[in-house]
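Each chain carries a letter (A, B, C and D) given by its place in the written order, and its residues are counted from 1.
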Amino acid sequence: MFNYAFRRLLSTIPVLWIAITACFFVLRLAPGGPFDGERPLPEAIKQNLAAHYNLDKSLFEQYIIYLGNLLQGDLGPSFINQDFTVAEQLLVGLPYTLIIGGMAFFLSIVLGITAGILGSVYRNGIPDYLIGTVILIGLVLPNFLVAPILQLFFGLKLEWLPVGGWGGGALSHIVLPVVVLALPHIARISRLTRGAMIEVMHSNFIRTARSKGLGGGSIVWRHALKPTLTPVVSYLGPAASYLLTGSLVVETIFGLPGIGRYFINAALNRDYGMVLGTVVFYMILIVVLNLIVDILYAWLDPRVRSR
Amino acid sequence: MMQSVEEAVLDIRDLNVRFQTNDGIVQAVRGVDVQVAAGECLGVVGESGSGKSQTFLAAMGLLANNATVSGRVEFLGQNLLELSVRELNAIRGRRISMIFQDPLTALTPHLRIGAQMQEVLQTHQRMSDRDARQRCLQWLENVRIPEAAHRLSQYPHELSGGMRQRVMIAMAMLCEPQLLIADEPTTALDVTIQAEILDLMDQLRRDHGTAVILITHDMGVVARMCDRVQVMRHGEYVEQGSCEQVFYSAQHEYTKMLLDAVPRIQVSVDEAQEPMPVDEAQGPMPVDETQESMPVDETQEPSEPDASRQGDTSSLPQSDATALSDRATGSSFDAQSGSASDTILRVRDLRVTFPVHTGWFARKRDLRAVDGIGFDLAAGETLGIVGESGSGKSTLARAILQLIQPTSGQVNWRGQELTDLGRQDLQKFRQDAQIVFQDPLASLDPSMTVGDSMAEPLKVFEPGLDRQARTRRVAGMMERVGLPYTLINRYPHELSGGQNQRVGIARAMMSRPRLLICDEAVSALDVSIQAQILELLKDLQQEFGLSLIFISHDLSVVWEISSRILVMYLGSVVELASRDDLFARPQHPYTRQLVSAVPVPDPVLERARHRIKLQGELASPMEAGARLRFLPSRRAQLPIDYVPILSERFPNHFVAEHDPLESLTRSQNKPAHKCSQ
Amino acid sequence: MKPYSLRNLLSAGMLALMGGLASAATINIHNGGDPTSLDPHKLSGDWENRIAGDIFEGLVTEDTKAEPIPGQASEWTVSDDGLVYTFTLRDDAVWSDGTPVTANDFVFAFQRLMNPETAAVYAYLQYSIKNAEAINTGEISDLAELGVKALDDKTLEITLERPTPYFIGALTHYTAYPLPEHLLEKVGDDWVKIENIVTNGPYTPVDWVPGSHVTTVKHEGYYAAEDVKIDGAKFFVLEDESAALKRYRAGEFDILTEFPTDQYAWMEENLPGQAQVAPYAGLYYYVVNHNKPPFDNADVRKALSMSINREVIGPQILGTGELPAYSWVPPGMANYDEPYMVDWKDMPYGEKLAEATSLLAAAGYDADNPLKLQLRYNTNENHKRIAVAIAAMWKPLGIDVELYNTETKVHYDELQRGVLDVARAGWLADYNDADNFLNLLKSTVEHNYGRYNNPEYDALVDKANATVDTAERAELLHQAEKLALDESAAIPIYYYLARNVVSPRVKGYENNAFDIHRTRWLELVD
Amino acid sequence: MIFRKAKLAILESAMEGAAEPVPGRSLFQDAVARLIRNKAAVVSVVMLFLLIVFAIAGPWFIPYNYEDPDWAAFRAPPSLENGHWFGTDQNGRDLLARTLFGTRVSLLVALIATVVSVVIGVSYGAIAGYVGGRVDQAMMRFVDIMYALPYILFVILLMVIFGRNVFLLFAAIGALEWLTMARIVRGQTLSIKQREYIEAARASGLGTTAIIFRHIVPNLVGSVVIYATLTIPEIVVVESFLSYLGFGIQEPLTSLGTLIAEGADVLEVLPWLLWFPAAFLVVLLLSLLFIGDGLRDAFDARDR
C-alpha cells in the first residue's frame, strides 16, 4: 500500500514538471508584463526591476533558476505583492481555501449521496422528481449568479447571514460560500449515486440479501452502498479541480482571502511567480486527492486490493 | 403420487406473474400450482424463459417491482403474497431460503464470507457474534469446506466457484429452513464440481428433512436428485409426476421432445473397475446393447453421423499412430513425411502462454494456457475436445486459427506451416478454416443486420461479387441453415438464440471452409435448440465434407457429435481416443472422473451409478504443481511444471502418465440413494 | 468672551463625549484592490494611497479638501528664486515606536526613492528636486548629490531643479513620505513586515491579511492624536463592486470607494444622500495613433472627436452624469483658470455630425469607402459601454469599428508599443497643476500613447514650466492646450467623477477633486 | 425423429414467411423509439429545437439588431409599446435581439468545443483501446497526467494568450475536454474488443482498420452521443464562467454567459437583464440534460 502510494507520488513528479514547464513558457508567451500599467515606467526603473527579478536573463536561464529554487522548496518572490513571497501568500490563503473547499467537498458528498439514495429508493416517485429538479437547477445555474442571489436573500432580505467576509471564520460567514461552492457538486454526485444505486439494486447479490430476509435499511447500507460509491469516488478527483474553479468565483464575490482568487489576479497581473506557485500548489492538492481516491477504491472493492 | 395439500410445506395455487416492460405486458407465469412436502425434492424443469424461476421468485417476493403477482402461495398455512415485507422477511432466509445460479455475483463482493453468513443469524435469531460465528463455522464444515475458519475472513472472489456455491448452501441452511429453493445451483459449475454439490444437497436434505425445490434445465440433474418432476413451458406446467413416470412414460409431446433432445452418453453402471487390457478387448463396448436397455435412445437416428464416424476411424490409425507416438517419444516431427494423404490439420507441441499480473506490483508470471498439445485431424472427421473451465480449450482453438499468436509449436494446414505464413496466405487459410462461437448474440455485430454479417466474409474472400450475387449467396446459405429468408434484414437482438447461432454458422460457412471449429457452439442454448444445431452441424459436415473440431465442457454433447475425443487438463492432453473407446474404457483418472460425473437423464441408471471422486478441485493453471495432480507419487523427483508424457496404451488410445486411480480417490462415500418407488 | 468660552467648553464636552462614543468604533472601508505593499516607494494605486496616507505623513499633508497643509513640517520658507525650500519639522513628530522623526529620515527616504535599485515606480513625481532625475536614471551614482539636505535634526532643505509652483502639493504624495531610517538600518527590506513596521502618520498598521484586509489603529504618539476621532480603520480588499455594495447595505462597510454606476439611480432612491459623486481631477480620453494614416490627418481626428455625442455618455451610458470633456485640462486645476474649450463645443449635435461627415469625406472616407479602425479598451464594464456607444455614434459616418478589449496589462503594453488606431486611456492628476495633464502630450513622454509630436507644443510647455510668474505660466499653458486641441491631438471624452458611498454614520467627509479622504478627519456617530 | 421434425418446422416457417424480407430495427432505432416514449426527453427535444429555431430565425423578425443602440431607450424595462419585449441594456440595445444572438453564439461555441473533444476523444480512446498493451498504458498515463493538471488554470492562461478569439479558445477548451470522452470510448472499445464478433471478423480475414471502423466505431455511437449531449452543457457553463472573469466574447458580440454575467451585477436594478438570458440558459441546459439522461436510459440494454 505505502509502496503504492510512494510510487504514485513519484510518478507525479514528471506530471508536475510538465505542468510547470508548460505554465512557465505559456505565461511568458502572453503579451504584457508584470510592470505594465496605467502609468508607464521610466526605462531606467524598468531595467532595475527586471534585474531585480532576473527578467533580464534569457528565458531559459530564468527557467533553470526557477526550477533550481523550486527544488529547494522556494517558490520565489511575488512580482506584485512585494511584501510577501509566493510561499508566504499561499500559506496565508491556504487555510481559508482549505476550510471552505473542504467543507463544500464534505457537504456535497454527504448531501449528494443522501439525495442520490433517496432518489433511487423512491425511483420515479415524488421525492425523486423533487430532488431531481432542485438538483438540476443547482447544476445549471452558474455560481456567480447563485452567489449574489443568496447574498440578497439571506443577507439583505432576511438578514440571517452576513453578506460576505471571513468574520474570523464564524460559521455564519462560511455558510453561504460553502453552499454556493457545493451546489453543483451536490448535483453531480447525487446524479451519479442515483444511477449507480439503481443499477446495484438490480444486481444478484442484492437479490440474495433480500432472500436472506434482511430489512431494506441493512440491504442499502451494508450491501448496496459501497458498490454504489465507486463511481462517486471516481468523480472526486475531477471534483477537486472543479472546486478550484468555483473557489475563484466564490472567494471573489464573498471577499474571502483564499488562494482561489490569487490565480486569476496573478494571471492578469502577470505575476509569474504567483501563477506558477498556485499551479504547483493545486497540482499537489489534486495529486494527493487522486491518491486518496485510489485508496478509497481499494477500500470499496476488495477485488481491487488483491489485484 | 400427488402430495395432498395438508402435508405440503409449500402450496402454490394458480400463481400468475405479469411483467410491465417497455414492449407491453409479458405474462411470465400462467396459473401454476406447486406443492412440496417436507423432505421431498421437487424438480422444476424447463427451458429458458419458461418462467420456472419467476414462479419461485414471485413466491419469495423477490421480483422486480415492474411485476404483478396473483394467486396464493401457502407456506405452512400462511399466504406469502399477503404478507407485509417485514413479515415476509421473518420467513425469508429463516424458513425458506434460496440458492442462486451464479455464486460469484450472488455473494456481496465487498463483505467477508463470515459477515455475510452471520448477518443471517443476527437478523433472524438475534444471535451473539460468538455463537453466530460458531454456527457458521460448523456449517462451513458441514458443506465440507476445507480450513473453514480461514474462509470466514475471506472475500467471495478469493474462493473457487465450487467453494462459493458451498458457501451459498451453508448460508441458506444456517437457520435450517423447512424449504430450500435452488435455482440452477450447478449450471455455472464444472461437471465434476456439479456432481459434488448435488451430492452435498442430497445429503443435507436427507439429514435435515428439508424440502428442496430444484429449478434446472438439465434432465440429468433431475434424474439424479428429484422425487417428483414438474415440466414447465411458456409459464405453464405441461407435465408433472414422479421422476420415473416423467422419464419412462412421458405423456406430453414437449416432455418427450426434451428427453429426446438431451444427448446421453452410454455408461456402465460402475466405471470404477479397471478396464480390460486391450488385447482381450472385443472392440469398444457394443453401442446397440446399451441402446436396448434405454428405449428412449431409439429416437436418436444413427445413420449419417455413424457412417461418417466409420469412415474416419477406418482412416485414422495410421496417421495418428505415427504422429502421436512420435510426439509421445518426443522425437522431432517432420511435417511433410509421415503425413497421411487426408490429414488436413496437424498440430504439434503447440504452446500458448500469457503474461499475467498478480497483485499490484508482483512481477508478470506466465500462464501456460496451452501447454504442448499435438493431434492430427483428417478431412471430414470430427474431433471433440473436452475440458473444464480453464483447461485452455478455447485458447487452443484460437491458436489453431492464428487468432492468437502461438508461443511455440507448429500448426500445419495441409502441408503448410501456418506459424510462418504471410498475410496473403493467411487470408487463404482463414477462408478454409472458420469458427463458431459460444454466445450467439455476442458473436454478431449488434449494429449490423444479420444479412450484412453473413455477407461480410464474401466481401473479403470474393471481392468480385456484386451486391445481388452476395445477397443470393446469403439467401442460399440461410435456407441451408434453416433460417427464413425474411430475417435477412433483421438485427441480432431481434432473433432467438437458436436463430442467431444459425446465423453464426451460416457466416462461418459462407467462405465454404474445410475446417469448422465450434467453440462451445451449443453450450448457451436450450437442449431442444442444442439438438437442432448439432443436427445442422452434422448435416453441413456431411454435405461439404467439413472437418469439425468441436470444443465443449459438456461431455455428453461432445459424445453426441465426435468421432474422436481429446480430453484436456490445464492446457495439456490427458487422454485421446476414439469416442466409443474413450467411454468404454476411460484410462486417465481425470477422464474417468469426468465420465462418471456426467449426469444421465435416466433415474434408475443415474442413481445406480458410482461416482469417482478425486482429491481436490480443478486447480488453476497458475498453481504450481497443479499439473502433477494425477502424479502425486512422483511430485518429489519431477520438476514442478512437468507435463506428464502421453503414451499409446491401446491402439489409437493415448493416455498421459498417472498414478493408479485408487491412490487418488477420496474416501468413498456411499452411492446416492435409490429413489423411493 | 465668556459665552464663547462656555460654548467652547460645551462643545469640547460634546466632543469628548462623542469621542468617547466613537472611540469604540473602527471604520470599515471598502478599498477595492489588494495593496501590493506598505512601503511608500512601492505603491502605485489609489487604494494603496488610502492606507499609506493614513499611516505615514510627509512634510505636508492633505486637509479634508485635499489641500496641502503643514504635516510633519510645522512651517517652511521658500527662497525668492523659488528654488530652495527650508522646512522646520515639528518637535513632537515621532515614529510609532517613539523615536522622533528627524530631517535625516526625509533625506534617507528621498535618496532611497531616487536610488535606481529601489526601482520606485513613482519616483518621477519628485523629479523637480535637484539631480533627482539624473540619479534615478543612473546618470549620477552618488546619492548625496540629491538636492535634499538635513541642516539639523529638525531642519530640512530641499533644492529644486527649477521653480515648481506645485512642489508643495507634490510633497503630499506618498513618494515624499519619510522612512524610519533607524528601522531600515536594523532589518533592511523587512522593515515593512507587519511585525516590524513603524509609521509616523495618525494611524499605524497592526494586521494585514493579503486578499482580505489591512487593519490600522490610532498612533497615540501622533502630534494631533487628540483630534483624531476614529480609533482605527479596516481597509477591505474586494474587487467585486456589486458585492461590496451589498455588504455596505448590510452595514458591513461604512465607506465604499467605488460603486457600480448602474446602481446610482437606485441608491438615490433607497439610500438618499449616501452615494457621493463629485468632480475628480481626471480625464477620460481616447488616444489616436498619429503615426498611422489616416489618423495622422488632423481632420480625420477632428471628425472622430466631433461625432462623439458626449452629452449622452455621462447621464445615459454610465448613469452617473459625468460631465462631457471638451478641454484637455479638467476644470479647477490650481495655477490655471478656466481651461480652453474646443471651438465647436456648443454646436448642436446634428451640425457636429454633418461637419464630421464632410471632414471625413474630404479625407476620402464615406459609406462606400468606410474608414476601418480598431478601438482598443481594457476589460472593464464602463470602458466597454463607452466604446460600444462611441462605435455606434461613429457608425453613421460610415466608420466601421472593431472593438478590441484586453486585460489592463496587455492594453498598456501594446499602447506603449504604439499598437493602436484609437484606444482608451485616462489620467488622474498626481498633483494639483495643469502641467500634470499637458505633460501627457509632450513628444518626449512615454505615455503620450498617440505619439502626438509638435515641437511647438513641447516648447510652450517647457517654457511655461521654466517661468516663475504663475499668471504668465498659465497663459503659456493655455496656448499649449489650445494648440493641441485644435489639432485634435487626442479625444477628451469626459471628466472623471469620484464615486463613493458614505454611510450617514460618517461625519466630516468632504468631496474633493483628488478623492482623498484621510481617516484622521472623519468621525463615526451612531 | 425429433431433429428432422424440428428442422422441417423451421424450414416451413422459412417458406411461409418467404416473399419479402422484414425490415429490422437496429439497436439505435430501438433506442430512438424508447427515447420517444420518454416524455421528459421528448419535451426537451422540442424545447431545444424551438430554442435553436428562435436563435437562428428570430433576429429576422424583430425590428432591432443586437449591436445598435436605441438612443431613445436606455435601460428600458420590457414593454410592448416600444417594441423592446425584453427591454434594453445600458447601451440601449434590444435585449431580445442580444439574447437570441447570445444563444446562437453559446450554442456555436459549445458545438465547436464538443466536436473537437469528440473527434479527439473518440479517435484517441478507440486507438488506445483497440491497440491495447503498452501503447494503451502509455496513452492512458498521458490522460491521467492531463487530468492531474488544474485545467481551468490552463484555460485562463490560454485565454490570456488567445486574447479575445473565443472560437479559437473553445477549440482549445474542447482540446482539454476530450479526456473523459477518451476514457469512456477506451473502456467501451476494450469491452467491445472482447466480444466474439470482433474475433469472428478477424477470423473472416478483416484488417484492423476495417474492424475498427466497421465493427467498433459504429457500436460506440451510443455512448459517444450520450456523453456529447452532456458535454455541451459543461461547455456552456465554462463559457459563462469565463465571461464572468471578463474573458467573454468580444463586444458587440455576446453570449448567454456574458449576458448573465452582466445581468448578475444589476439583478436588483435592471432585473430583466438577468432573468431573460438566465431563463434561456436554464431551458437550454435543462433540455440538454434531460435529453442526455433520456438517451442514456434509451441506450441502456438493461431496460430492454
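Things to note:
As a convention for this text, a residue touches a chain if its C-beta (ideal position, glycine included) is under 8 Å from a C-beta of that chain, and two chains touch if they have at least 3 such contacts.
If you're wondering where the values come from, they're calculated on a predicted model, not measured in any experiment.
With centres computed as the average of Cα coordinates, no chain lies farther from chain D than C.
C-beta contact counts were set side by side for A-C and C-D; A-C has more.
Separating the centre of chain A from that of chain C, both taken as means of CA atoms, is a distance of 39 Å. Work out the mean CA point of chain B and of chain C, and you get 91 Å between them.
Distance from the chain C centre to the chain D centre is 50 Å, each centre being the mean of its Cα atoms. We define each chain's centre as the mean of its Cα atoms; on that basis chain B and chain D are separated by 46 Å. Looking at chain A, one finds that residues 30-31, 148, 152, 202, 268 touch two or more other chains. Across the assembly, chain D contributes 160, 163, 264-265, 268 as residues in contact with two or more other chains. Touching chain D in their complex are the following residues of chain C: 241-242, 260, 262-263, 265-266, 312, 316-317, 319, 379-381, 384-385, 387-389, 391-392, 395, 403-407, 410.
Those residues of chain A lying in contact with chain B across their complex are 3-4, 7, 202-205, 207-216, 218, 222-223, 226-227, 300-303, 306-307. Every residue of chain A that touches chain C in the complex is listed here, in rising order: 30-45, 48-49, 52, 80-84, 89, 92-93, 148, 151-152, 155-156, 159, 162-166, 251-258, 261-262, 265, 268-270. In the complex of the two chains, the chain B residues touching chain A come out as 57, 60, 62, 64, 85-86, 88-94, 97-98, 100, 102, 105-111, 119-120, 123-124, 155, 157-158, 168, 171, 357, 359-361.
For chain D in complex with chain A, the touching residues are 144-145, 147-154, 156-158, 160-161, 163, 180, 233, 237, 240-241, 244-245, 257, 260-261, 264-265, 267-268, 274, 278, 281-282, 285-286, 289, 296, 302.
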